[in-house]
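Both of the next two complexes hold chain A, though its partner changes from chain B to chain C.
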Partner chain A sequence: MTWRYKRRQEGGCVRGFFRRCRWFLKDVVIADINAAMGSLFRSEEVTLAQLFLQSEAAYATVRELGEVGRVQFRDLNPEVSAFQRKFINEVRRCDEMERRLRFLSTELGKAGNEPRPAGNVEAPDPQKMIDLESKFEALEVELKEINANKETLCRNLLDLIELQHILKKTQVFFQEAEAQSMRPGRERRLRARDAESDKRGLLVDSEPETAGGGGQAKFTFVTGVIAREKVPAFERILWRACRGNVFLRQADIEHPLDDPVTGEQVHKVVFILFFQGDQLRTRVRKICEGFRATLYQCPETSGEREQMTVAVSNRIRDLKSVLHTTEQHSLTQLQEVALDIDSWQTKVRKMKAIYHAMNMFNLDVTQRCLIAECWCPVKDIPEVQAALARGTERSGATVPSILNRMSTSDQPPTFFRTNKFTSGFQAIVDAYGIATYQEVSPVPYTIITFPFLFAVMFGDAGHGLLMAVFAGLLILFEKRLANTDVGGEMFSTIFNGRYIVFFMGLFSIYTGMIYNDVFSKSLNLFGSSWDPGYPYGFGNEGEPPQVYNIEDCLGNEGVEIGDGEDQMSEFPTAAMEYHTPYPFGLDPVWQVSENKLVFTNSYKMKMSVILGVAQMFFGVILSTFNHVHAKSYISLAVEFVPQVLFLLCIFGWLVFLMVAKWVTFYANSSTAPSLLITLINMFLEFTRLPSDYVVEGRDAGENEYSVFGPSVQLATLQAIIQKGLVIAAVSSIPVMLLVKPFYLKFQHKKRANSDEEARQTHIAEQVGGEGGEVIHTGAQNGKVGEKTEGHGEGEDFEFGEVFIHQAIHTIEYCLGTISNTASYLRLWALSLAHAELSEVLWMMVLQMGVSMGAQQPAIGVAALFFLFAFWAVLTVGILLIMEGLSAFLHALRLHWVEFQSKFYIGAGYKFVPFSLDKKAMEGET
Partner chain B sequence: MFNSSLFVALPIITIFWVAVFIAGFIVPFLIPKNPNRWTIGTMIATTAICCYVFWLIAFLAQLNPLIGPEVPNAVAAHMRRAWLGWKQAKTYDTCYPSW
Partner chain C sequence: MAGGSTAGNILFTICGPKCSLCCLVVSTWGVIMLGLLGVFFKLEAVALFEDIETGLHKCTDKDHDCIGSLNNVEYFAEDDVTRAYSNAAYSCWGAAALYLFFLGLSGTFVGINYWRSKVSQH
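And then the complex of A and B:
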């Protein structure tokens, strides 16, 4: 509609056309880009806003704001310590609730209960806090009680089980003893025994019924249970402390017993100690205590023991049933908890976050109102206002909350609206530094140039295909993979960068096709341009005079072709059919040629420089958007323009020379000029012309001195152009260095003068005027003061500082241009390394199997099977993962250092909105 | 003497990538609702530049070669057999002894 209207208005003349073009650019394209500023070109406009919240509505409003997640609160009382803030009590109560919930969830974990995941639960109203608190407290108390009961029961049970074992084991001891006592000649044997077997005798003597004469004291015994690992020490101590007068018998309990306190399984041993006298009894008891052995009363007669055994097993049965019921009870309790615990945790966490946010607010003088300051993206203000209205409505407050935009000299936070695709690339840039507010962001270009530069280094279509398929699968199943955390941190890193990896793979396929490398082999899609039958030509069935076939050639040194020394056939450059290069990428003939590296090195080196200069030039161009946005036209004129001149006059010229050399046909290819020497001589032989060389006897007529052609005139032309370029490049350095600081100084002086003048006139007015005007002038004076303040840096203008800053900047740029261009040669180095590695891997591993198969097919097939596995593992492990990582790092560096240093300051800080979103909250804690 | 690379491959590939580049500026107008439309457009245009420059460098580097490939004799013989259908080959000595 607007189109047609405009056309009618402006008529069809040429001027009208230009006007329409301008209108289209300005009102359609630029306006649309501006409207789409939510995208990544520069960070979004963020404003400071003041919120007035009614005290009773504050909680509900902050809750709504948190659910929206679009504002970042500023701490208005940073000097107040955390313990003196207004809502610290509530925060503490939330902490207490969190502690209780943690207790409950550990209990759940012990019982092996999985909590039911709750969806997005809203934070509860503040009145509900007490309910929750009491609920959690009751649950905690109950569970603790159950646990205590369970522990006592378990301990009792353990005691009984141990007693049962004692009864069982001691029975054996006593039976043994009885059996011995039945034997005759006991006394005699006893006397004859040595010290060690004495113990046995003691045991026999200890039997009450066998204790004979009244002169002999009665043996007593103690029974108990001790942990198995303590037995040797226990035995030793007993022996030493009682001087061997105590006799110990022991028997293992076969099954480990549960320790009721720690819940661990312990192997224990039943022991029985025999001794004589009360003194020993106390000593033995002390030692037992020291070793934490539990002692049990064991009846002396076998009848009593049997009775006790029955009683004990009855009690064990009872206890077990009681324990079972208790456990059932606690399980049902925990099951109920498991249903709700996740939602409770979310609720409490949200509540705590809300009170934390409210602690940053200021109280109004009237105490009726909370004042908050927040950063808010301008685009989201309507949404925030809607949230405010909802909060007021839900809390039932009568007075609505108010949002006021404020102006500030503080730098707002940097906010980019990213999605799952762009966030990975944004993260790459953020890792270097968060963009300064509203600065040009490299992200939209990095999305492509990063994978592209990666692929220049990684160029192999086969490897790229594997990478793209892998990342493509991650993308295809991203919903399923996002919710399950399998594979740990390494996997999640790759998963988060899946779109980057996917693009890296795609571009690697493209660059691999250009390099004509597919797993280090070339494809001959269009037919090589090099004619192996030269000079007979392609397809021309010449009549060869000599019988010659491939079988003769294999391993047959006798066939003499070419120069005959190294059995090489060199295709002359004329063998390239009519100088028609291979239409897409490198000619496949290079893959099988021995001098492949001579060609690819020259090609890739030049390619690196061209890509590097292009990217750096683009970076310098991007800096203009920063200058225009900051309305710093002086920077545009005396920084941007000389920067461009410096870059283009040296390295732009080098790129031009490269292209010119490629395009020019050199009849005698050995006399083609060396570009490196040309570039060096541009500076070193600045004062000389090619005609001088002729005088010196060097031949300027050869095209050694010019890419354009073999004539002195052309060489002179090039030399003159180069002199002009050197002058332009060198003279741009002082412009970069000097003009801006002096301009700023001049500006500052001018401003200071005008301020001074203004002040003078005020004083004059004040002096000349009546007394009644004093107030008025005072007000105006205040205004003047404000104005100078408004200029900010104008007040404390330090020329030295500005100059040093500019000098550093200039030196950095000029040296950087040279070193960064050299730095781009890593593109060549890494792609060379990658191509060579994959070729070596092919030759050393897979080709071995193939050649084996040519001689002995049966063995070859078997060997090839394993060799292929080996080759595949190495391809993935070394060429894909390790080489991929290294190419990734180098691409990262090229973007961070070489590209971004041309325009990106990265001195901002991130916009972190207050959000009750589950993910955001987990990220915080 | 028809130079197929210069007169077929060069124009076709140039036109293709220029078209893609221009598409980068048209696409944003086709998806006016998408908040990332200019990011998408930039991506398309940047892709076109990168890919075209990369292809062009490889193409130009081979336009006027300064050296020819040195191929092992066995491979050269095989190329003649496979590509030219020669059963027999002549030696280079008889073809061009001068270089």
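And then the complex of A and C:
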């Protein structure tokens, strides 16, 4: 008994422990993850809800909902055209008001008045709409009237000014003519008899006083003003049409005149035409009309002209003062408008948005209430309900609005709650495709992996520092910069991604330190483990300095100098002193060694493959969350497991061999096995073992077939392991391909059978109890919905389609694993290109200045001054911007294609809440 | 403004707010980087040996002030190397000083441009 009791107690203890563990996992860890990552891990739960709004409270409620901005309305009457909707009248009135406001704001712009920015203004009550309308109308009418008045006044003024100019200029012509008339009569007569085209003669004869003789007809004249650019054509037409019988004199008006209609400045010319007879007069007048010249009556005698000049200048003065008061009046009007126009615009825009939203609602049968359907994040339901209550209260409605959750088979929109830090990374993922509802989101990992992969390709601490400083400044002044729109679209793109750029910079500093590249130069922070010193620096104290060429000392790759003394005995002892390895990153001595590229290429290539396999493996692991969430355990078993096997058995093993090769010592470094050949032989030499070669009498080489060490046993062991791995990898392909479609087919059959049974029992029940369910509550609705969904899936099941889908998926994964691994080699390629480019830039530009300075410091100063500026500009232009852009794109590709293809579908659509927020509304329009 | 003369106006239109800011950034960078580069040259950093190597006199075993040799490769006289390093350091510092001057100049330009834009706003 006691024993049993003890056992039970123990069992209870164990069970309690497990229970506690489960509690810890479920309530603490998962809750913590949910709280910390919030909606970043997967998109938030969004539910469909039905809103019942009283007709009189609808406007106020929608306004409150818009201010909260947490619901996305569904269009309940998509088949109804825009003109047949219920609130189309209100929308039209808003349109009209917007038109009036646009007119007012263009007037403001003309007057150069800056509208005062209004803060967040609430949409007005619907009753206030009439007030606003009448106010805008009155303003529009008044401004239009003022404008019309101003225009007439301006035209009058222009006429007067032109007349004034005519009087002034023609005075000169007449004076000239008078001077002519003083000349001796004979000469005058001769000239008069000359050809008609003799202008001076004509002019002289045109003078009424001197025209004298009854035999000669009286010359008349017409004065007017014409635009300067029309003068040559005008002149030509006159000549041709009147056969040279008209004489034209012209004079420029020095100052350009304002055109009252267009407001532009026009250069004009005063002209006077002399001719004879009425026929010519009509012809001349028609030509003037055709050229839009304005004609003015000019008195013939100088006394009258003087009188007129005085009168005109008096009238101009009067008109100017009238115009001034008119302008003052319109300015004060506009100033008043400028104070309020921004708030009016927001008000009208909000009203219009509200009526637009209400147009999507359905009317209840009783016409008493509006029914709306909306998507709403579950977390925000309390907030939405509070908004509903506020709306009811403010409108004074007696019946409260009701929110009713519904379930649906439609896919809800995808909603991520982002902040200014995560929104940039979310945008990167969204650019590929909006996450399917509740799918695992790559964003939380992208925050780290994206800048990291970028930095692997952009590994230079100097460039990273510049980038980080630039982005840091953007972040530091983000509030000030967010409000100003300097720099245009390019700048705003970078500004929106400032946190990404900042992270990219920081990570580049890190990888730059690992590669030991600072503007392509290495930092010797901890002292090289290779005893460099420049050529004469080797040697112990007391001994004469030994002079070596470093490149010769470091000619061979390999760190095994201490152990490999036999082979390296020709090198002096000082060079072979073997310390502990350089503590962080690459040893700086590599920068000056000849075989730098041989080493870094091998290092970076291996690193890229390791990073790539790690990231792809992580992506495959993330797919488990999707399988578990969809409760598709069959996918977990026959998709996830073989996928992991396939990846790890081939490329996981490759990574393992890399590490193994790295830690293994090869006495003769030339006999170290090639990893690529090893991988290929895994498949090609599948049937052979290294011991076969020994049996065959061929030399297998000391360790040609083993990465682990120089023995045939080890080589055989490795070969056997590899055969197992190949079998596992290959056999996982049919599992991936075949099992799931057949399982689904089996399930479908089973479900079809059980459905048949269920239907029969259901019929029986219905016959038994009639009218059991009349009212569908939300929850029951949901169940019904799920059932119908189940039916739909069952009926649509087509084996061929499922199988083809699975085949495509499998092929994509298997081929993808191989090609994607190769694709990660771009990490190496890009980082090589970046390092080489920056080294070349240093060598071609800055080194020139330094080597000049090494011989002649004075020249060096001048050369360095200019070359540094050149180098700096090129560094920013080529290395930071262009190389940065290309590394960014490649990092983007690695995430979209190589990483996300392992788990991300991205077939969702975005949650776009109805919001009256100013920024959101501007984005829409 | 104080420098309301036409010459001043032309000068400030040539080097507007963007230009002067750009100059400010480049000269700040120049002062820091060339100053540090000078220090590293003075410390005779191995990494910078390539940069001074071109003008150096290469000597052979027979030369007087070179001692020892390795595999008959060419090597350099110690004095030569030291002189080249310190020369390079001095020219870096000289250029850094020039940039310091331009830093002050572009700094005043930035300040004046800022002030002008403020004045023109009101």
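What we mean here is this: the second predicted complex is superposed on the first by the 794 of 925 C-alpha atoms of A that agree within 3 Å, B and C clash if a C-alpha of one lies under 4 Å from a C-alpha of the other, contacts with A are read in each partner's own complex, and residues count from 1 in each chain.
In the analysis below, a contact is a pair of C-beta atoms (placed from the backbone, for glycine too) under 8 Å apart; a residue touches a chain by one contact, two chains touch by 3 or more.
Worth saying up front: this structure is predicted, and the values here are computed from it rather than measured.
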Have a look at where A:76 lands relative to chain B and chain C in the superposition and call it first, second, both or neither.
neither
Superposed model, chain A: greater residue contact from chain B or chain C:
B
Who does A:363 touch here: chain B (first), chain C (second), both, or neither?
neither
Touched partner set for A:589, first chain B, second chain C, both or neither
both
With both complexes superposed on chain A, which partner does A:854 reach: first (chain B), second (chain C), both or neither?
second
A:88 contacts which: chain B (first), chain C (second), both, neither?
neither
In the superposed view, which residues of chain A touch chain B and also chain C?
528, 532-536, 544-550, 570, 572, 589, 592
List the residues on chain A that touch chain C in their complex, please.
521-524, 528, 532-537, 544-550, 552, 570, 572, 588-589, 591-592, 843, 846-847, 849-861, 863-865, 868-869, 872-873
What residues on chain C touch chain A, complex-wise?
26, 29-30, 33-34, 41, 44-56, 66-71, 73-76, 78, 81, 84-85, 87-88, 90-92, 94-95, 98-99
Show me the residue ranges of chain A that touch chain B in the complex, using the header's touch definition.
32-33, 36, 38-41, 417, 419, 422, 444-445, 447-449, 452, 456, 507, 510-511, 514-515, 527-530, 532-536, 538-539, 541-542, 544-550, 553-554, 559-562, 567-573, 575-576, 578-587, 589-590, 592-596, 598-599, 602-603, 606-607, 610-611, 614, 659, 662-666, 669, 672
Would you pull the chain B residues touching chain A in the complex into a rising list?
1-6, 8-9, 13, 28-29, 35-39, 42-43, 46-47, 50-51, 53-55, 57-81, 83-96, 99
